Every structure is written in C-alpha cells, then in structure tokens.
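What follows is a pair of complexes built around chain A, which joins chain B in one and chain C in the other.
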Partner chain A sequence: MIGLAKKLRSIGHHVVDAVWRTGYAARFFFLILLYSGTSFQRFRLTIKELFSSGVMSLIIILVAGMFVGMVLGLQGYETLKRYGSESALGSLVALSLVRELGPVLAALLFASRAGSAMTAEIGLMKATEQISAMEMMAINPIARVVGPRFWAGVISMPLLSALFSAMGVFGGYVVGVVLIGVDQGSFWSQMQAAVDFQHDILNGVIKSVVFGVAVTAIALFEGYDAPPTAEGVSGATTRTVVQSSLAILILDFMLTAFMFQGD
Partner chain B sequence: MDRTALDLWVGIFVVAGLAALSVLALKVGNLSSYNTSETYQLQAYFSNIGGLKSQASIKSSGVLIGRVAMISLDPERYEAKVTMNIDKRYHFSKDTFANILTSGLLGEQYIGMIPGGDTELLKAGDEIKKTQSALVMEDLIGKLLYTKADEPKQPIK
Partner chain C sequence: MPPQALVEIQNVNFAYGNRPILKGVNLSLPKGKVIAVMGGSGCGKTTLLRLIGGSLRPSSGQVKVDGQVIHELDHNKLYLMRRKMGMLFQFGALFTDMSVYDNVAFQMREHTDLPEEIIRDLVLMKLHAVGLHGTHHLMPAELSGGMARRVALARAVALDPMLIMYDEPFAGLDPISLTVVGNLIRRLNDALGATSIVVTHDVQESLKIVDYIYFIADGVIVAEGAPDEIKSSSKPFVHQFVYGEMDGPVPFHYPGGNYQQDLNLKT
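Up next, the complex of A and B:
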C-alpha cells in the first residue's frame, strides 16, 4: 500500500515537474527574444557564434549531403529503372532533398554537432559559476551569452540546409549522370520541371528556419537549466540531442502536412 | 574594430550558403524559366481534364507559351473550366484547338494548342471553343471493347 502511494506520488511529482519546466522554458524563450537586441547591436558576438556553430558544421554538412545525394542517385536509379523512367532521376533526387532530406538531415546533424556543444558550453559556464558572475557584474547573461548563440543558430540553419541540398543534388548528379550515365539533359530538365521555387524551395527554407529555432532553443534551455554538476551537464547534453531530434521529426511531419497537403 | 580571420570564415560561410540557395533556385528550381513577361487570359471548357493541374504548362508546337492559372468546375455546364495565362507575345486564331496531352508514358499532362486558319485572333478573356479532353485509360479500354464487339465475327471454318 505504501509502495503504491509512493509510486503515485512520484508520478505526480514528475508531471508537475514537467509542467513547471515547460513554463520555465517558455519564459526563457520569451526572454531570448526580448533581449535579442544585443545580438544585433553587438553583432561581433553573433559572428563569433556563427563561426563556432555554422562554419564548424560546414564539413560534416557538405560531406553528409554529398553522400546522401549519391545514395539517392543509386537507389532512385535502381527503382526507376524498373519502370523505364530513369530520366526522372533528377526530379526524384531534387524533390526529396529540397523538400525533406535537406532541412531534416541538416537539422539533425546540426543538433548533434552544434546543439550539443551549445548545451555543454552553457552548462559548464553555469557549473563554473560564470553565469552568476555575469549577473553580479550586472551583465544580463541571456542577452550576452544566450541571445547571440540563438540567432547564430537561426541564421546558419537555413544556409546549412541549402548547402546540404545543393551538395546532395551534385552527389546525385555525379552518381546518376557521370557514373551510371543517365542522360544529362533530361536529368536537369525533369528536375527543373518538377521543382517549383515557391512551393518546394521556399517551403524547405521555412522548414529549416523553424528547425533552427527549435534546435537552438532546446539546446540553450537545456544548458541553462542543467544542474551545475558534471553529471548534470552530461545529462543535459544527451537530452538536447534526443529532444531536438524528436522535435525536428515531429515538426517536420506537421509542417509537411501544412505545406504539401494541397496537391 | 578590426577585421579578423573569424569574419572571413563567417563571410565565406554566408556567401557559400547564399550561393547554394541561388543554385537551388536557378539550376534546380524553375525560377530561371519563369518569364516575367506580360500574359493574357484565355478560357477553355473540357469535359474531362484527367490529371491536369494548375501551373501545368501550355505548349504550342512543343514551345512553352503559358501556364494553367486556375481549374474549376462550371456549375451550369458541368464541365471543367480551365483558365490559362498565355504569353502576350503569342496570339492564336479563333479556331485554335486546345488538347490535353501527356508528355511521355507516365509524364505530366499539359495543354497543347494547335492553331487553326481563322484570320480573327483570340482576345484576352475569350473562350477557346474547340477542345479535346484528356485521354482516360478506362474510356480508352471501353472504346476498344465496344469496337471489338461491333466487329463481325470471323466465320468458323
């Protein structure tokens, strides 16, 4: 009986704790937006973060995009060959990259490459009391530390996803046209006929901006909220990767349902 | 404030990202083939449009001359009303044929225009009277069956 009561109490505790954390996260997100003026007035801070989250993610994004495009080219060719429509390879590669794989995979890579680093950095700053020290010096840590990282993530995400898609199309071209020998003209012309600028490319960009907001907000909140211990920081880093990956996939489903339901 | 190596790298990153975006827009997407030239509208009624969609291309002799602007069902005639945006540079005679055609075996459907011999030209807002609906596979098979049934049977030798 006592065991059951204890269990019930712990469930209730977890639920209340989760709601509490959600509210805290919402307030944190609001504060980031409120104090984001600093990130643009002192743009140097944002540039520094753009370097560490955007530029440092370039290599993994480019290599991953290239190989994803090459795999799409191979697999797409094998499937399309059965129906005798190899010429549609270009539109298959481009549409799946621009609409889905580009934004989603780039965001997943970004979450594990840059998001985890952000969480660990801020968590460690908190554990070593650098954040408290800033508050003591009347420097707002959200404006000085969190805001520039947030905007750097939001700016670099669509750029990274565009690079991913472009590299993917190039990879698909290398495998499809150069290695397998699909006709070059039909590869590009079918692609251009199928991909619409507004409907496909712009929606992909919107997707990646949304993912950028979600990933960086989660990463920064987890870091800021991490218990100031070694264990706490490592747990927060893990939670960042898990939660932002899930958030990306769930948001992707919702955005796709909104954007591409009409056809 | 001095320029630093950091700025250079971030600059390279931003320029590369924007370049990728414009490559996607111009090379992968169809932004480059979007001609901003002026268009005028024509209407046509089809008894069946098959798989025609808005933004489908309109071609004459294989040349892209416009796009389908809107498709709706006319509530009085019970026919599909297709509104087309045609490039201002091209004008068609009154007895032009508008056919719904398919590019390739499984390709997209488009409208093909075959000009007639009338000296009067279609003006903006006019209706193309002579149309041919899309080929629907079931109708085609049905027709084939009927013609086979109508043929005199081979006498048994």
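Up next, the complex of A and C:
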C-alpha cells in the first residue's frame, strides 16, 4: 500500500514538474522575443554569434552535404537504372535534398555542433555566475546574451541548409555525371523541370527556419535552466542534442504532412 | 548624530521553500562605512546580498537602499538602482570570452554614451587603481586567482557605485593577495566615498579593514560590534568563530543519530 502511494506520488511529482518546466520554457521563449530589440539594434552582437554558430558549422555542413549527395547519386542511379530512367537522377537528388534531407540533416548537424555549444556556454556562464553578474550590473542577460544567439541560429539555419543542399546536388553530379556517366544535359534539365520554387524550395526554407527556432530555443533554454554544476551542464548538453533531434524529426513529419498533402 | 544609513534591513525573513534562511534580521549600513557580515557556510550571508541587490524578495520585512524599498521597485527602477551598485562575486565572475579591458569597459559601454577614448582612459585608471596596469590585453584564463579578483573589483567599481557588495572576496587567495584585496576594499571605499558590505568568513583579514561586524548564525544576528569588541567578545559562538575552535556552540559532529547504535554496539 505504502509502495503504491509512493509510486503515485512520484508520478504526480514528475507530471507537475514537467508541466512547470513547460510553462517555464514557454515564458523563457516569450521573454526572448520580448527582448529581441537589442539583437537588431546592436546587430554586431548578432553577427558575432552568427560567426560562432553559423560560420563555424560550415565545414561539417559542407562535407556532410557533399557525401549525402554522393550517396544519393549512387543509390538513386542503382534504383532508377532498373526502370531505365537514369536521366531522372538529377531531379531525384535535388528533390530529396531540397524537400527533406537538406533541412533535416543540416538541422540535426546544427543541433549537435552549434546547439550543444550554446547550451554548454550559457550553462557555464550561469555556473560561474557571469549571468548573475550581468543582472547585478543592470544588464538584461536575455537581451544581451540569449537574444543574439537565438536570432543568429534562426538566421544561419536556412543558409546552412541551402548550402547543404547545394553541396549535395554537386555531390550527386560528381557521382552521377562525372563518375557513372549519366548524361549531363538530362541531369540538369530534369532537375530544373522537376524542382518548383514555391512548392519545393520555399517549403524547404520554411522547414529550416522552423527547425532553427526549435533547435536554438531548446539549446538556449537548456543552458539557461542547467543546474550550475559540471554534472548539470553536461546533462543539459545531452538533453539539447536529444530533444532537438527528436523535435526536428517530429516537426518535419508535421510540416511535411501540411505542405505536401494531396500530392 | 549617527551617519545616515544607506542600506536598512528591517525585520527580514526569507525562506527557500520550507527551509527558513533568515529569521527577523535587522541590520543597517551607515554611509561611508565598510561593514562585514560573518557566519558559517550556508548561514544566509549570500542570501542577504541577493536581497539587497533585489534578485530575491523577502518573505516579510523590507530592505531599503537609499531610501527605497527594493522589492517594491519595478523592473526598470530596480535596474536603475543596480547601476548605483557594484558587486564582486565569489570567484570574480569575469566574462571569460572578453579581455580584461572589455570586462572593465563592459558597463561603461552598456550604460553610457562615452566615446571610446574616454572609456579607454577610465579603464586604464580603474586597472591602475587595483594595481594591474598593463594587463588590459590579457584574457581571464591568463590571470591568477588574485589578479582575477582584482580585475573583477575594477569592473565592480567601473561606474563609481555608491554601494559595493563583496561576496567572499577572500576565498581561495594566497596571503599576499589576501592583504592586497583587503586593502583595496578599504581604499576604494574611502576614495569613492562609497559604502561597502563584505560577506566573508575570513575573520582575521576582515577585522583589519572593516568598521563594524555582524555575525549571523541559524538565520539570526547573534552578535555585532566594532572589531575590538568582537575580538574581546565573551559570547561562545563569536569566540569559537574568531579563534577557529573545533568544537563549541557549532558542534564538530553532524547530528547523525546514535553512533554506537549504528555500529550495533551494546550500550
């Protein structure tokens, strides 16, 4: 009987805790938006963060994009060859990248490269009282530290995903046209004919903006909410990668269902 | 007539959840003085600073700074009040991604429209005042503990505050740095005409530099007085604390139940 009561109490405790944390996260997100003025009035602060989250992620994004495109080229060619439509390789590579793989994989890489770094940085700033020091200096840390990082993430995500897709298309071209010998003219012309600006590219951009918001918001919240200990910060960093990866995949399904229904 | 108080803490109670930290504390900081608040670890000293800085609200009672009740101020007024306060955190809390120069210049850039040349002069003056001229290009990771504390001190007084708060300024310093930081606290206070509150458990160093001392234990003020009165105090707690005795009113043993019973010994 006592065991059951204990269990019930523990479940209740967890539920209350989760609801409380969700509310706290929502409030945090609202405050980021409320104090976003600084990020744009003093755009230099945002540019500095664009460098550390965007530019520093370039190499991993470009290399990964290239290889994903090359794999698509190989796999696509193998499959299309069975139906004698190797010339459609260009459209297959481009559509898979622009609609799905570009935004999703770039966001997953961004979460593990830049998201985890953001969480660790903010968590350590909190643990070493830098955030409290800022508050005591009458400087709002959400406006000064969190806001610029958030907007840098939101701005760099679609750009990184576009670069990922571009590198992927190039990788597909290298494997399909240069190595395997698919006709160059049909590779590019099929791609041009198949990819629609609004339906494919714009929807891909919308996806990557949504992922950018989700990843940075999760990363910043986890950092800001991390217990000020070594364990706390490492736990928060792990949670950032796990939660934002899941968020990306779940959001991707939802967005795809909305965007491409009835196709 | 006694000097006017800059900070007045009246009958303040504070609890974290169900755990009471401060129970009816009364304390006042006269203008121009350096006051020490002492007590064992976890007795609520830092909480007191957070109440003065407005990051915590008392459960009851009030904290007045410069005639204004801190917890009644709205966000903007609180931030205006904080511009007149400087705080030195326990381990300096320097911004690790900025150089020494940028750390000291930080508040000047955020809160004033001063041209960069004047900021430069001010930063060099502040660094000179703490004896660290020529270190402006270093990063916090390149500083020793004592130097970092002094840079943080230069940053805390960057805007010439009326109230300077020190959270354990002596923790983890070597004897030379200890004396240096202690002297700086006194000198900066007198040079700026400020008022300082030093939260510490370093008895010997603080007795040398402060004007008045409050002792906190179990959330209440158990003793207060000028350094000489404290040194000669006959109160058992103060005596144990000042002379660092192992046992006394603060017991050596954690109240962990019956030891012999835990070892299964027959009594």
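Throughout what follows, the second predicted complex is superposed on the first by the 263 of 263 C-alpha atoms of A that agree within 3 Å, B and C clash if a C-alpha of one lies under 4 Å from a C-alpha of the other, contacts with A are read in each partner's own complex, and residues count from 1 in each chain.
Definition applied: a residue touches a chain if its C-beta (ideal position, glycine included) is under 8 Å from a C-beta of that chain, and two chains touch if they have at least 3 such contacts.
Fair warning: this is a prediction, and the values are worked out from it, not measured in the lab.
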{"item": "Superposed model, chain A: greater residue contact from chain B or chain C", "value": "B"}
{"item": "Contacts of A:E129 with chain B and chain C, given as first, second, both or neither", "value": "second"}
{"item": "Touched partner set for A:A257, first chain B, second chain C, both or neither", "value": "neither"}
{"item": "Partner chain in contact with A:M1 - chain B first, chain C second, else both or neither", "value": "neither"}
{"item": "Touched partner set for A:W188, first chain B, second chain C, both or neither", "value": "first"}
{"item": "Partner chain(s) touched by A:M137 [first = chain B, second = chain C, both, neither]", "value": "second"}
{"item": "Partner chain in contact with A:L163 - chain B first, chain C second, else both or neither", "value": "first"}
{"item": "Footprint of chain B on chain A - complex, ascending", "value": "44, 47-48, 50-51, 54-55, 58, 83-85, 94, 98, 156, 158-160, 162-163, 165-167, 169, 188, 191-193, 195-197, 200-201, 205, 263"}
{"item": "Touching residues (chain side chain A, partner chain C) in the complex", "value": "124-125, 128-130, 132-133, 135-140, 144"}
{"item": "Residues of chain C touching chain A in the complex", "value": "53, 55, 79-80, 82-83, 85, 87, 89-91, 93-96, 106-107, 110-111"}
{"item": "Chain A-touching residues of chain B, taken from the complex the two chains share", "value": "1, 6-7, 9-10, 12-14, 16-18, 20-21, 23-25, 27-34, 53, 55, 57, 104-106, 108"}
